[in-house]
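Chain nomenclature is as follows: A, B, C and D, assigned in order of appearance, with residue numbering initiated at 1 for each chain independently.
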Amino acid sequence: MSANTFGKLFAVTTFGESHGPAIGCVIDGCPPGLSISPEDFVADLERRATGRSRFTSQRHEADAVEILSGVFEGRTTGTPIALLIRNTDQRSKDYQAIGEQFRPGHADYTYQQKYGVRDPRGGGRSSARETTMRVAAAVIAKRYLSERYGVRVQAWVDAIGPYRAERFDRDAIEQNPFFWPDAEQVPVLEAFLDGLRKSGDSVGARLTAEASGVPVGWGEPIYGKLDAEIASALMSINAVKSVEIGDGVAVASQRGTEHRDEITREGFQSNHAGGILGGISSGQTIVARMAIKPTSSVLIPGRSIDRQGNEIEIVTRGRHDPCVGLRAAPIMEAMIALVLMDQCLRDRAQCADVRRG
Amino acid sequence: MSANTFGKLFAVTTFGESHGPAIGCVIDGCPPGLSISPEDFVADLERRATGRSRFTSQRHEADAVEILSGVFEGRTTGTPIALLIRNTDQRSKDYQAIGEQFRPGHADYTYQQKYGVRDPRGGGRSSARETTMRVAAAVIAKRYLSERYGVRVQAWVDAIGPYRAERFDRDAIEQNPFFWPDAEQVPVLEAFLDGLRKSGDSVGARLTAEASGVPVGWGEPIYGKLDAEIASALMSINAVKSVEIGDGVAVASQRGTEHRDEITREGFQSNHAGGILGGISSGQTIVARMAIKPTSSVLIPGRSIDRQGNEIEIVTRGRHDPCVGLRAAPIMEAMIALVLMDQCLRDRAQCADVRRG
Amino acid sequence: MSANTFGKLFAVTTFGESHGPAIGCVIDGCPPGLSISPEDFVADLERRATGRSRFTSQRHEADAVEILSGVFEGRTTGTPIALLIRNTDQRSKDYQAIGEQFRPGHADYTYQQKYGVRDPRGGGRSSARETTMRVAAAVIAKRYLSERYGVRVQAWVDAIGPYRAERFDRDAIEQNPFFWPDAEQVPVLEAFLDGLRKSGDSVGARLTAEASGVPVGWGEPIYGKLDAEIASALMSINAVKSVEIGDGVAVASQRGTEHRDEITREGFQSNHAGGILGGISSGQTIVARMAIKPTSSVLIPGRSIDRQGNEIEIVTRGRHDPCVGLRAAPIMEAMIALVLMDQCLRDRAQCADVRRG
Amino acid sequence: MSANTFGKLFAVTTFGESHGPAIGCVIDGCPPGLSISPEDFVADLERRATGRSRFTSQRHEADAVEILSGVFEGRTTGTPIALLIRNTDQRSKDYQAIGEQFRPGHADYTYQQKYGVRDPRGGGRSSARETTMRVAAAVIAKRYLSERYGVRVQAWVDAIGPYRAERFDRDAIEQNPFFWPDAEQVPVLEAFLDGLRKSGDSVGARLTAEASGVPVGWGEPIYGKLDAEIASALMSINAVKSVEIGDGVAVASQRGTEHRDEITREGFQSNHAGGILGGISSGQTIVARMAIKPTSSVLIPGRSIDRQGNEIEIVTRGRHDPCVGLRAAPIMEAMIALVLMDQCLRDRAQCADVRRG
């Protein structure tokens, strides 16, 4: 219910501001008996981490996860799991100025208006820093889904500005800083992003995620549909402006005979639906896409106003990310894993007695 | 919490199957003192209604709304408002056959697998018939938002198969059966859809909705973001496969300098963001888009299996909708209105003390 | 979340006013495959019914339940089950007067203040008429709990005014109009209540309920404890002013050595705890008690004010119930069954993998 | 929704085990602009603290609250407020033994059965240590309620074992270690508890709380009634076995003419209802009571079993609290304050437009 809680049964509550003392989360409803240690968070947090290449901004946080509760002798106990990460890189720069200004394309203006007060340091609560805890919480969800059901979630970037992935090589994805499935295009992208960084501008991106191994039957019609919850989960990620399931926007120009996935004894003959029918997983691979806007934090001056309504010119200083979409793949995976984990528990609550074919 | 309930404070619970005795809803949390009568539902239900032109399927339901509770002497009392519509057009055809078969591209298979049992008559709970109650509930939300805040929500169709709206004339939208904003294209669309209907196939569509007059400050970061809830709301509509906010998928190829909406003393200079920043309304018009797949209920045979796993050939009989997207505009408006209504109440719960500029 | 919804996974939303067109409920989250027909509701609704003896008020409602959705060919389908009861006994008396007055000890004053408007006919939404739907919904919960887990819930009255049940004979409970476990006292109670009815006054009562067969492990610490939810469930019943679990208020004067339920190889040696430890069922019989206030609707005039603040004298006319507690036993059972049903589903969501001894 | 979250709009999620690294909470939905600093928590945490007299157990924790988020420059920002208290007094004693045994009257057995695993150190999650965070969270609620509405919540102990408070002197309550309203009885109680401590046994207690200044109109019928939520809130406190509102259990033997609170131009003439009618605050002082069982952690051996089912003799070692009810007053206040805060926000969400007399 609370706005900073995600999920109904596997409920993740996150807290923390970009430059406050710490960020953290509380995961409630986790099945007991799952093996979890602080080391388990390293890989995905590193995948998401800022500062890992010259193409993402230069914040160097250790992002060491401390497990505060809910785990005893290395196993989850069924009680709330609290995870904490101290913010070690809180530059004590003068934020007085930015607190008085509204950066275009940012949440500064709306937070100020809504709450009458805001923490302007590094974007405060609206910073993408918050997504760290989504990734951390999803480490637990991913593990459970994998161990118990064999579910695997993977995301990659397949469009950056004018570029589209020309080939799909799953093995390439984790081998380059762009989560890009075509190794041959990587040098071109590097040159493109270097140029962009020098120009001070930014660019958008598009990502795709697949969840394989999802059993038939997860998802709750009508308003808790699996695709509706994925839509909400992905749209809640900073900078996301579209969500697609299966063929997505392309369905607007398709014919019914083209779109419907026929079924034979061998199973579905295509997957235009993206693995979801009527809001319920069909047993096929779930396919989702999202588009991420170019960050408005660019080095090229823009017009804005301050709190008094005076017109000002704004230039983002310090860290600059030419394409924030580059680190969104682990976040996208995380949100899909959290949705699946929650729906898994909800399904067995209601339908534990149903024998499925 | 319940899967058939939408909204946290303005909570709408719908029930009913396509060919059961009735459909209905319970609206809990409505502010008291609002004037409501059965006649208020007529216009929007008629806009959504099937059977109003030869381009939508021929179900003739009176769809007369009975108010069962929550309204006394024409005004809402703050207690739950129950609305009921009897299903008068339940053809007692033999549904034994369809109960044994899984139509491709439908929820038949997933409902059967999830629950082990399903009501196959007219698609049962997964039928778009359910959306009638969303529209009915939203009549109340729309009225409150309009009277109290001046909010207005309007949706239209701007793409059908290969066609795109070439002009935008707001006045045209309600003057043709396609909710199409360019009157001159209507004859072409008529011919196209007539041809499609004769061929027995179907086609997808894309819709846009705008909500004007929304005050700054509605929306709850982080997981209750206004755009995240709109995404969930729209994706929960039958056949929707994508949701976009503002520039949507197009942001993937935009530059930061292009996308950011600069601010001057006169306000925002553009609206690429679609009226939402950081999950909170900015005071600009909210813009959302969605794509609707072509219905799989086509007259051209397709391959499928029955409950025993035997391969069969399926042809949809009876009613046939060449483009289900044509009646989605009022449903899209409804879902956006329900999200706004809920966020309105949530905002004033937390921020009633904040004075906004 | 909504205030008229009870339960998180087995979610019951009730609606309707005492003298409106109908009362009803929507049950969401029911496991599929359960056999349910309209006849199944007759027994418990009759047990709760007004008018069954001269000791309860003389409203004669058929209380015929219509199943509007969620059941197909006699079995639940997993979609929302809507139940409807038409109010057939809506006397069209002049309610103008009572709408202007606040009866002492009733919700008239608080509803008027909270909402600025209220339906005064028969108490509107605050009438005990609403509990009919709790009983109806619980028929389904009881059946599931009984068939699937062997759980049985039974409530009885063990104190009325100055009288306490002197013996406990389970078989006697359903054999008299007082749900009283000591048949020999029944004539005395009849005389007492007849006298009370003639005097125009009313009296309170105390009830006990037991739930047997509840498996160990139901209940969610910390804020969803089984006893906390029973407390809320019972206190939400009209006129209830106290809730006790196990030894209840008596624990205040007990010693630890007296209260603690020792355990041997044969199990717990006593049940002071009432079957719940740390908010989780222990496998013992769950024991709860509640006290019901004497209704303020008495025939003896009392002082009050009207909406304009003028002092008035109020006398309840028409139906008069000397002891509203007499029909509370089925309602008490219903609320406990609803709590157990919900906790059952929640437990298996989180702990489906746990093997219990 | 999550079991470790309390409240719908002012949502408090607690985490932590008695002997884990830390306990903490996240408060979501707090109105922005409220002044809060770490010092504000000292007084109530000290009131609740263990070890403050020889009558409560000798755990010496600093209980220093660290504010991790949601507060900027001393004011709440509307984002989640995370509070953290490190457990400094985690004795590293051998808990291997107690992990194998089930203490009678404790949650050991049910946690083990439910989750298949548990943290046995100091009772783990089921320890009253968790209530520290309720008290901390309620400091914020109390401040808001006080500053914005003038609400004041106070609890005291009025029965311990065989003793009842003979006089009520509000000023005495905070002047003795028993929260006892009759200073003259304090020496007798001291002697009684000293004797009890020496004997190794424990005793129960009864507490009363009043909330004054609550405006008319808070509380949500039907299932979110103010009294129902207070019942749940209090019953969720460790060791509580009964909850009463107003006259409580005594209503069972009252007459209607005695119980109904008559109204004159000067207001209600009595307060048998305890300030709540139909689940909504009446504007009178809210009165609640609860009984707390004697702790089962006594020094007198008792029979139990171990995880293998072997019969054992159990003696609690180390800290011993002869009457756990002695520190429950601040916890009782906290839970009532949290309920009121939540209902306050819910009321203004729905009824912001209502003008109250």
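Worth a mention:
The working rule: a contact is a pair of C-beta atoms (placed from the backbone, for glycine too) under 8 Å apart; a residue touches a chain by one contact, two chains touch by 3 or more.
Small disclaimer: the values here were computed from a predicted structure and weren't measured.
Both subunit B and subunit D are touched by A, C. These two copies of the sequence, subunit C and subunit D, are related by a rotation of 180 degrees on CA atoms, to the nearest 5.
Look at the CA centroids: the one farthest from the centroid of subunit A belongs to C.
If you average the CA atoms of subunit A and of subunit B, the two centres end up 26 Å from each other. Note on chain placement: the centre of subunit A and the centre of subunit D lie 38 Å apart, centres being C-alpha means. Residues of subunit B in contact with at least two other chains: 1, 3-5, 8-9, 14, 29, 32-33, 78-79, 114-116, 125, 221, 346, 351, 354.
Of all the residues in subunit C, the ones that touch subunit D in their complex are 1, 3-6, 8, 14, 102, 104-107, 109-111, 113-116, 125-126, 130, 159-162, 201-206, 216-217, 219-225, 227-236, 241-265, 269, 272-274, 276-283, 291-298, 300, 302-305, 309-311, 325, 346-347, 351, 354-357.
Those residues of subunit B lying in contact with subunit D across their complex are 1, 8-9, 29-33, 78-79, 148, 221, 345-346, 348-354. Every residue of subunit C that touches subunit B in the complex is listed here, in rising order: 1-5, 8-9, 11, 13-17, 20-24, 26, 28-29, 32-33, 66-70, 72, 75-82, 84, 114-119, 124-125.
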